[in-house]
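Consider the two complexes below, in which chain A is the common component and chain B and chain C are the respective partners.
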Partner chain A sequence: MSDPKYYAGLDMGSVSIKAVIVDERGMIASGLIPSGGNYKTVAQKVMDNTLTQAGLSFDRLSGLVITGLGAAGAPFAGRQVSDISCQARGCSLLFPSARTIIDIGGQFTKVAKITPEGRIADFLMSEKCATGSGRFLQVIARILSVPLDEIGPLSLQSEKPVEFSTNCAVFAESETISRISEGAKPADILAGVHRAMAAKVAMLVKRLKLTPDVVLTGGGGQDSGLAPAVGEALKINILVPEFPRLSAAFGAACLAREDHS
Partner chain B sequence: MPFAGIDIGSTMTKVVITDEQEKILASHIGPTGAEHRHLALKVMDETIKKAGLSFDALDFIVATGYGRINVPFADKQITEITCHARGIRFLFPTARTIIDIGGQDSKGIKLDADGKVSNFVMNDKCAAGTGRFLEVISETLGIALTDMGALALSADGFVQISNMCTVFAEHEVTSRLAEGAGVAEIVAGLHEAIASRVVNMTRHLGIEKDVVVTGGGAKNQGLVKAIEGKVGFAVFTPPEPFITGALGAALVGKDFYDRGIRPAKERKKEEVTFFS
Partner chain C sequence: MTVMQAIDRLYNERGVRARELRADGHKIIGYFCCFVPDEILAAFDLVPYRIQGSQSEPIDEADALLEPMACPFARSCFNLALKDRYDFLDGFVAPHSCDTIERMYHIWHSNKPTSFDHLINVPHMLGPSSDAFFRNELKYFISRLEDFTGKKLDESKLRDAIRLYNRRRALLREVYDLRRENPPRVSGTEITKLLVAGMGIPAAEHIGLVSAFIDEVKKRPRPAADGLPRIFLWGNEIDDIAFVSLVEECGAHVVMDDLCTGSRFFWQDVSETGDPLEALARRYLCTHCPRSLKPQAGNRREDLENRFGYIREFADGWKAAGAIFYIVRYCDTCELEGPDLKEYLTDLKLPVLMIEDDYSTSTIGQLRTRIQAFLEMIM
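So, the complex of A and B:
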């Protein structure tokens, strides 16, 4: 019997850099570090950490696929694939019933319709306005001094979500300050932000014609309050991967594996 | 016979008092703040004092601007579109197109040959193309908002800012800085972006000469020049762009008075606040 083979996916996003290593059966190691100002150094570090976790050396990898906004600056040679293709591959392996993927990242929100084989059929991206993206949440969470990973649990405690009169993240920032001074609770403000984002995301999804099942991934999937809000806006149940921020890197690793099979 | 106009904008409250000859007797500007009503009265009192009048001597008070409903002592509330048009036509009788760049919104107003509003467009949905855009970025750059225009004018060309969204543009600016672009050229690029946004919006109405740029944005020479570049000819700016809405409001009040309309109810002057 030949030696087991290993493949890696590296996702160089604007907020964090992620690496996943798979063998023939599935994910065996993963790493995630905030991108910071030097993508190259951070990418090297994430890859080193992930290899250590898997007990492997870089030479033991039979294939590498690199994706994400910063893919061109990767310190390794590997095939470059668009993040949405990797996301589609990853999500369709995790959820074979997935037909629509919503990827809410730090800067962009992408919506893709995928075929039963996990290929992209149609694709839309919101890049003109921060409201539908993770940036909106970051802006508001900063005012409230709520760490990003506490946004979801806190928002789920809301009893009366704040209704924003604006869809602009900048104006919502000033509105948030007014609401705080009027006594609004942080939970209600965050739940209001989720609703505003969900409305914007739902608009994108509907432009592609809603096709279930819908998977929510990216940093937005990490936020436990956002998926229910999107689900409510679309009136369907939303699936979320166990590690929503790793699904593109996982898809990249799986594409690397397919390259060699 | 004195007439007062009060314009409660998102950022500043402006009051102008004129006489029956349409001569400006006094004007005053103060911050709007969170407690509109309290501050509205304060700015009004200051202006009355400057004019050497008493509150009861005012024959008509018109309130305008987005906070106009919070002026309990006003005799009428009139939209800022009408008031801007009246004020600008008074200053520039040949004006046909007005571009008003405020702290949180921007408007394009089209006037017919008689100076009546024939159409308008407004952006209050998004910070792009408003004073807020420059305010946010000036904070990021650590440059005083009032210095931004002059800095833009000193630039050697400009750096293209491709993001319309203020939040993304802020990020783009820091990236361009990190890449070594000059601050003046970046600031010039931001002015180009705002000018594009407001001029494209106003184009929906058809831009006709003369064009007057007003509101806080008209104070910014860099922005006025960028707008001229987009429309292709020189535009006019009022000597005091902040107060054209309040001036128009005072004149609209005089128009009412001339038509025999008198203040109906007793003016409420008590200080009402949101938080009391």
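So, the complex of A and C:
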């Protein structure tokens, strides 16, 4: 029997850098570190940690695919693939019934329609507008002094979500401050933010003509309040991977594996 | 100097030739868009200069005078004018191509007046009454030029100019024919440089450059098949190589376009027979800028065919595998035309990527993901 083979995917995002290692069967190790100001060092660290977790050295990898906004600055040699293709590959392996992927990242929201084989059929990206991206949540959470991973659980306690009268993150920031002064609860504000984002995301999905099943991934998938809000806006159930922030890195690793099969 | 070096010089040092010509006593007339007949200016021995912006320079001084939510191309051009980069212009002509350019006339006129400022009224709906109207507008333009130069229009010189510019058009179409090869021996990046270089020099000089370029390309060996997708580009002003280079770097050949800085400004000839003014009026009104409207033709299918049939011929003839719409932000006419054109091309099974951008090379990197994903999708 020949030695087992291992493949890695590296996703250099604007908020965090992720690495996933797969063998012939599936994911065996993963890592995630906030991107900070030096993508190269962080990418090296994430890769080292993930390799240690898998008990491997870098030269044991048979293939590497790199993706994400910072891919050009990766400290490793590997094939570069767009994160939209990597998400398509990853989500389609995680959910074979997936036909639409919503990836809510730090900078952009991307919506892709995929074929049953996991290839992109069409896609759209939010324009340079923070309302449809993870940045909007980060801005509001900072005003409310709510840690990012508590946004979801807290928003689910809302009884009366705040209605935002604007779709602009900059104006919403000042609107949030006015609402706080009027006594609105943080839970209601966050639920309102989810609704505003969901409306924006639903518009993108409808432009591509809604095709279920829909998977929500990226940092936005980590927020347990956002998927139900998007589901409500689209009137369907939304699937979320177990590790939504890793699906592009996972797809990249699987693409590296396919390169060698 | 090789032909590519000559093109690079004109591309990189915008206005360099115009400054030299001016130093030799020529008068330079700057103008916007593809609606101003170069032939008329040339018939008065004036040098036409197509005004360009700069995608690599931030818009600073212009934003002290204008609101930032207007066409960044127009703002960038005006910004350069405020910084005296167009101080070689003896005249400034703006056509009413769109509302932005029309207003740009007044703003430019108020802040940077030249000795010959002129606005040409260009009708928006195509048809016989518009041809007649535009012919009159061109007559008025000529009478103002007669006052400015102190000379009467010499009709034989106008006919000569028409023939000269048609020759340039024929040569540029020949360059575009070379792009039909697969893989092409000439890149979209080189084409962009060749076209932009020609916007600031007299036609006779551009003709020499284009002929030499064709000879140079024909000597290149035929590259081996590379399987890369062939892209058709639709949009407005691309007077910088940044975007086209990015598409080609991502692994594609940009082979055909419908752009104000591309096929739109040279594709159709001016008729050399009959009344030259009528011929010019017809030719310049038919520029494919989406600001012009064709009267409704039949049902929706027939109407789309009537509006966009020429694009189908471009895409088929140049075997495009995908179309990219590159729209400079706030260009309402392009943004509103885009969805209909996308529907038309999608029905023809030509995938479309629609991009709205800021007319700035610093934002172009962010487009890489989208272009890569699009190319991966159509491969």
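Just so we're on the same page, the second predicted complex is superposed on the first by the 261 of 261 C-alpha atoms of A that agree within 3 Å, B and C clash if a C-alpha of one lies under 4 Å from a C-alpha of the other, contacts with A are read in each partner's own complex, and residues count from 1 in each chain.
Definition applied: contacts are C-beta pairs under 8 Å (C-beta built on N, C-alpha and C of every residue); 3 or more make two chains touch, one makes a residue touch a chain.
Note that the structure is predicted; figures quoted are calculated from it, not measured.
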> Fit or clash for chain B plus chain C once both are placed on chain A?
Replying inline: clash
> Of the two partner chains, chain B (first) and chain C (second), which one does A:Arg89 touch, if any: first, second, both, or neither?
Replying inline: neither
>> With both complexes superposed on chain A, which partner does A:Arg257 reach: first (chain B), second (chain C), both or neither?
In response: neither
>> If we overlay the two complexes on their shared chain A, which of chain B and chain C does A:Arg135 touch? Say first, second, both or neither.
In response: first
> When the two structures are overlaid on chain A, which partner does A:Ser181 contact: first (chain B), second (chain C), both, or neither?
Replying inline: first
> After lining up the shared chain so the two structures overlap, which partner does A:Phe171 touch, if you call chain B first and chain C second: first, second, both or neither?
Replying inline: first
> A:Lys200 contacts which: chain B (first), chain C (second), both, neither?
Replying inline: neither
> For chain A, what residues appear in both contact lists, the one with chain B and the one with chain C?
Replying inline: 107, 127-128
>> Taking the touch rule as given, give the residues of chain C at its contact with chain A in the complex, in rising order.
In response: 351, 356, 363, 366, 368-370, 372-374, 376-377
>> Applying the document's contact rule, which stretches of chain B touch chain A when the two form their complex?
In response: 34, 104, 125-127, 132-133, 136, 163-168, 171, 178, 274-275
> How about chain A: which of its residues touch chain B in the complex?
Replying inline: 37, 107, 127-130, 135-136, 139, 166-171, 178, 181-182
>> List the residues on chain A that touch chain C in their complex, please.
In response: 69, 72, 80-85, 107, 112, 119-123, 125, 127-128
